[in-house]
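Here you go, one structure.
A, B, C and D are the chain letters, set down in written order, and residue numbers restart from 1 in every chain.
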Amino acid sequence: MLRQIEGSRAVAETVALCRPEVVCAYPISPQTHIIEAVGAMVKEGLLSPCEFINVESEFAAMSVSIGASAAGARTYTATASQGLLFMIEAVYNAAGLGLPIVMTLANRAIGAPINIWNDHSDAMAVRDSGWIQLFAETNQEAADLHVQAFRLAEELSVPVMVCMDGFILTHAVEGVDMLEQSVVDGFLPPYEPRQVLDPDDPVSIGAMVGPEAFEEVRYLAHLRQMDALVRIPAIAKAFEEVTGRASGGLLRSYRTEDADTIVVALGSVLGTIKDAVDIRRDAGERVGVVGITSFRPFPREAVREALSKASRIIVIEKAFSIGFGGVLATDVALVVQGSNSKVFSVVAGLGGRAITRRSLEDLLAQSARGDLKSLTFLDLDGAAVDRERTRMANTRRSGPSAENLLRDVGTEHAASKVKS
Amino acid sequence: MTRQPVRFYQVGSFAVGNRLLDDEDRTVQSNPNRTNSIDSGHRACQGCGEVLGARYALDAAMRASNGQLVAVNATGCLEVFSTPYPETSWRIAWLHSLFGNAPAVATGVAAAMRVKGKSEVRVVAQAGDGGTVDIGFGCLSGMFERNDDVLFICYDNQGYMNTGVQRSAATPPAARTATTVTAGPEPGNVFGQGKDLPRIAMAHDIPYVATATVADLHDLEQKVERAMEIHGARYLHVLVPCPLGWGSASNETIHIARLAKETGLFPVFEAEHGTVTAVSPIRRRTPVEEYLKLQRRYAHLFGQTPRPDIVARLQEIADENIARYGLITNDSEDSVSTGVTA
Amino acid sequence: METPFAITLDAGTSRANHTGSWRIERPLYVDRLPPCNNACPAGEDIQGWLYEAESGNYEAAWRKLVEVNPLPAVMGRICFHPCETACNRVQVDDAVGINAVERFLGDLAIEHGWTLPATALDTGKRILVVGAGPAGLSATYHLRRLGHQVRLVDSAEQLGGMMRYGIPAYRLPRATLDAEIARIVDVGVEVVVGHAVRDIEAERRAGKFDAVFLAVGAQIGKRVDIPAGDSSKVIDAVSFLHQVAQGDPPLLGRRVAVYGGGDTALDAARTARRLGATDAVIIYRRNRERMPAHGEELEQALGEGVTMRWLSTVDRFEDGRLVLETMRLGDQGSPEPTGEYEELDADALLLALGQDTDLSLLEGAHDVVVNDGVVEVQPTMMTGEDGVFAGGDAVPADRTATVAVGHGKRAARGIDAYVMGTALESAPKHELATFDTLNTWYYTDAPRTQRPELERIRRQTNFEEVVGGLTEENALFEARRCLSCGNCFECDNCYGVCPDNAVIKLGAGQRYQFDFDFCKGCGICVKECPCGAITMVPERI
Amino acid sequence: MFQIRIHGRGGQGVVTAAELLSVAAFAEGRHAQAFPSFGSERMGAPVVSFCRIDDREIRTREPVMVPDALIIQDVTLLHQVDLFSGLSSEGYVLVNSSKSFDELGLGEFLRTFHSERLLTCPATEFALEHLGRPLPNAALLGGFAALTHQITLDALDRALRDRFDGVVGERNAVAAAAAFQYVIEQEEGLVRASPN
């Protein structure tokens, strides 16, 4: 049923339809609405049987999830940002143990400076942990991906992280076609663990593995993700068959058929990008978009195929590897190497900075002119940066940059207000 | 709960077995069909106290749960020496995740068992002192506070032995470790630091807290049994001497654990809902020197420049324990757990 | 369950890892010699029979006991139990009441009519045993068990020797003695009483005996020359006790003095009290610490009103008055006269100054060596004369019934070897289970059960038994106080304390076995064995 | 696409107002998107929320920078926040106040705007009257419906009753209707007055 609903609520209700048996909660913005809603459903008896556990940290949340999953329960939790980093040791552990936990990551920047707004730094920090990472473009997709995530995780015994942009999606109220319980039940079979803690058939889970087998263990994990490259589209197709809705998959292309410039991005910014692309198309540019849903495993072949005809590839992403550049851009560049296409890395929307259609249009125009640099920071306040650089050069005790910048920007803002 | 003493049955109340007792009055360890939760072939040091403590506790828990037990293990010696690929020494369902998260993982297992309708399956989490009082403390406190249905057992060997004997918050004053060397005016670990986890556990008001040593098997098994009768968060703190870390002879493990209790340095008691309900009285009061001299980690107190002043301070700690818990009783030559009035 | 590679492992697979290779020393189960066994003159396996008694298996305990000593009810009364003196439990609290348990078992056997074990097949060898005291009876029993024919000869009218004629009935009821002697005779012994052997060689030839055992005892009381008036009654204590035993007590008067410091002196004084003496005074030249009599006996005597004159010698006895010289102890502890005198009124003086052996029957046996009034013997108990063995009070040793029982057994084995032409092999003696080999933590402290004593007043006037027996409950309790020094009693400690599960429990009575595939040689089992029955030995290189 | 920006203070229901608008639009078969100005503002701090209404799918996720309508819940914000940023003279302005724009000192600034798209509405007074609490949301939205015709009163009524249970829903609906009626009457007054 189509409902006008907050993204968090849509995800929470969809997760509940997946009949999780253990859910752990630790509050951190912007995922709190999800976990609050699941908790309420458990308390109200709408989701049963389910153990809802208020833990003392994200580290505990993932740890409880590990125990529950190893004991054979379908397990769910959600986190964001610092929370993900606080649980990172357990995040790796869950993947290493092959436990099919599903976690929502309400993407948010990582401090310092502390920042509660959206970007993808958190997801990128656990890129190599062994979790499957799926990025949702809309709240509809966010909801749908959770159903697919449980099936994928449990088929492969790999944990799955559904990434949805914090606030931008989690707090947005928009139309979501909510699934029926019977549809979910038909799509998602009961969890049949590959290994389980059973007193009647005891095994030791979590052995110490030395050099003689560690590489093989890791390679097997890699192979499971390679299997996922097959299973993700298959599951999306199966999902489409029962819901009539195309959600998930490895990636989705938009107006790329004849495009010589293709923008590549993850998550909700794709909508704004599409609007900008439409406008540039109207202006006669051959521009398209590829939205990547499955960031890990990274669909090399599908990406290469989707980008094969483009000469210019602009990777816009809400994260970057300090000291190098875009993270997604690096992956894309590696995939298309050897072709004639050039990859441009655009870092945008860090710490919640709005990525506006206007800026994107300008970016595309710049690209069309051939002025785009290989690494661009969208809407960067160069003047503020320069002032801080100067200050740092002039005095040793220049103070903290974040506070200095805030002071500068605030002054500027106040000045502009006076003008208006 | 008091244990019936076995007076005058040749070996009295302390030996592992007693052919003169009825089967049900014998220890789990005396039973040829005991679980051997942790089996031969493990790579613990000669004379390891921790593996003994683990087998004692888990075999008792296995009996108490009719074999329906899952154990969660923190990283540490016990984990490393028991499960190096491709062999495990565990005969029970066992899970290792991380160093600091055993209580939370156990919470998860217990929740899963409950939601799966397997209420008969009981969950034990175990860790060394580092995994308990230091890195695992946050998760442990959370597990206590939620009163999750987990028995947490700390095998306290008073330091990070797995990593080569470093100080933990359970390392006693004056003890030498790799990070509390015997230099300076106060050699070894400093006085006035450290966590008394049993008391912290009691402050959580959980239903059951107890301490024990590997030297009194009957007491240890009885406490496990009592703990297993209760649902909710339970804490058992077992002193397990470490020949490597303490610099003691491998055959002295049990003897040293016994002296830790008999000196008063390690009070053995049990508490329910935050109140001490019983103590194991000191049977043969022993000066701390006798305990300390068996361990090279205290050798600097007795060497060419002996430090009787430091020994005296350690004796003070023992005396304070004795006073706090009432460890000297009228029949202190008769170490039966005695109820105390709180 | 098909488990994921490497991170998940099948239960208990570490048994493939044989940690026994770590070992540089290995534990070894041993049987050490318990101090009680070591001290027992009769050679009893005390720890062994207590082990059976501990589990309430009294018949098995008794059977183990009579493997060595056929007179447990007797010994349980009159033995001065050096086993208890040696008992390691003394250092924990108080010795195990071994003697009392022995008596309990002996009495229980009489009550139930348990019979001694069957004898071996007849060897056709004939042995003459001279003297039916404890040595003779013991030798007879053991010889019969070995299948030899025995003629037991005694000059008295009844069997028992000093047990019958020297030990007062209040210490050894005659019914008990009779029952245990009868049980020995019942295994098939040719008994000749009232026959004094005059010439041992002649008797041996006449009877075509393959060997002879002399157990003639020391029946002659030593006399010293004490000036005494005609009316002064001076009797040797041995004769006095013998007469009392025969039911013909001499008249002593109301004031009786006994001269001597041994057990016979105490027996005589206590017997005199029972015969009506109001004063029974023991005169001894040393002090209490140096008195050879057993402390327990002295306590009982004092309790019965016997009084002591320490550091005194009898100078003369005239007209119902003893003149005593006061002594003092010299540097070496020997009494020295002081020249000071005092007097003591007495109607009779009993001399308890030791006994001599009548060896006149050996005159024809030229090779027998007699030295200082007793017969020299080899470890097999054979004298210098081929086929002639001797034991008991007639050979150099402590003159106690228990020693005599031991001699009887040892002589029987010596005789057996001699007549069968085999070599006598003695089992290697185990290392002593000293107190320091024990881990006493495991033994709870328990006081010794005190044998109930008859009220003193009763015991002063008759010859009823003074020391009562244990009830079954007490006997069991007492048996269970045994520390089982040096011998495994299956406490499961080694099985329980092994960090490597490397001790295999073989089942009740079967003890344990080390699993050297896994034993790392830590030695905790050795340290925590209560009874010191495990030792560490270097690993074979 | 019609884009609305709502200004208010934390605790006044700014976010709920945007959501209710979107729900009402959705109920009438339109696409709608509501979202807050994501922040960690506490009670009393100035906050902003957004709503977009369109007849086709709304893909953009950028904040509303060029609003078609402004709803100002709290006049005390007028001189603290850049409320009118991006608003063209074609835009709608609805202010919760019993005072006129002139009285609020905005007369000059709004002179170039269409007067029939500007309105002050004493929503807090409606709220006090019908809800008994100074929560102007429902009344403002009623006023908004009447002013812009982007949503119907009927759809708003259902959204309010859906969002708030029982009596509270009823009272909110009544407050909204009252404000709606007030605005209609004001507009009629304006229409009547305009010939002058």
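In the analysis below, a contact is a pair of C-beta atoms (placed from the backbone, for glycine too) under 8 Å apart; a residue touches a chain by one contact, two chains touch by 3 or more.
Just so it is clear, the structure is predicted and the values come from calculations on it, not from any experiment.
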Touching chain C and also chain D, the following chains
A
Between A-C and B-C, the pair with more C-beta contacts:
B-C
Identity of the most central chain, Cα criterion
B
Based only on mean CA positions, could you tell me how far chain B sits from chain D in angstrom?
66
Rounded to a whole Å, what is the gap between the Cα centroids of chain B and chain C?
49
Cα centroid separation, chain A vs chain C, in Å, comes to 92
Could you work out how far the Cα centre of chain A sits from that of chain B, in whole Å?
45
Where chain C touches two or more other chains simultaneously, the residues are 6-7, 9-11
Can you pull out the residues of chain B that are in contact with at least two other chains?
82-83, 85-86, 88, 90-92
Among all residues of chain D, those touching at least two other chains are none
Based on which chains touch which, is the overall arrangement a line, ring, star, complete graph, or other?
other
Show me, using the given definition of touch, all chain pairs that touch one another.
A-B, A-C, A-D, B-C
Flag every residue of chain A that touches chain B in the complex, lowest number first.
21-22, 24, 49-51, 53-57, 59-61, 63-73, 75, 89-90, 93, 97, 197-210, 212-213
Mind pulling up the chain B residues that touch chain C in the complex?
5-20, 26-27, 29-30, 32, 36, 39-44, 46-49, 51-52, 55, 82-83, 85-92, 217, 243, 249-255, 258, 284, 333-334
Mind listing the chain A positions that touch chain D in their complex?
4, 6, 29-30, 116-118, 165-168, 171-175, 268-272, 274-275, 352, 354-357, 417, 420
Once bound in the complex, which stretches of chain C touch chain B?
6-7, 9-19, 22, 54-55, 441-446, 477, 480-484, 489-493, 495-497, 499-502, 505, 507-508, 515, 517-518, 520-524, 526-528, 530
Chain A partner contacts - residues on chain D that touch it in the complex:
15, 18-19, 22-23, 26-27, 31-36, 38-40, 58-63, 65, 82, 84-85
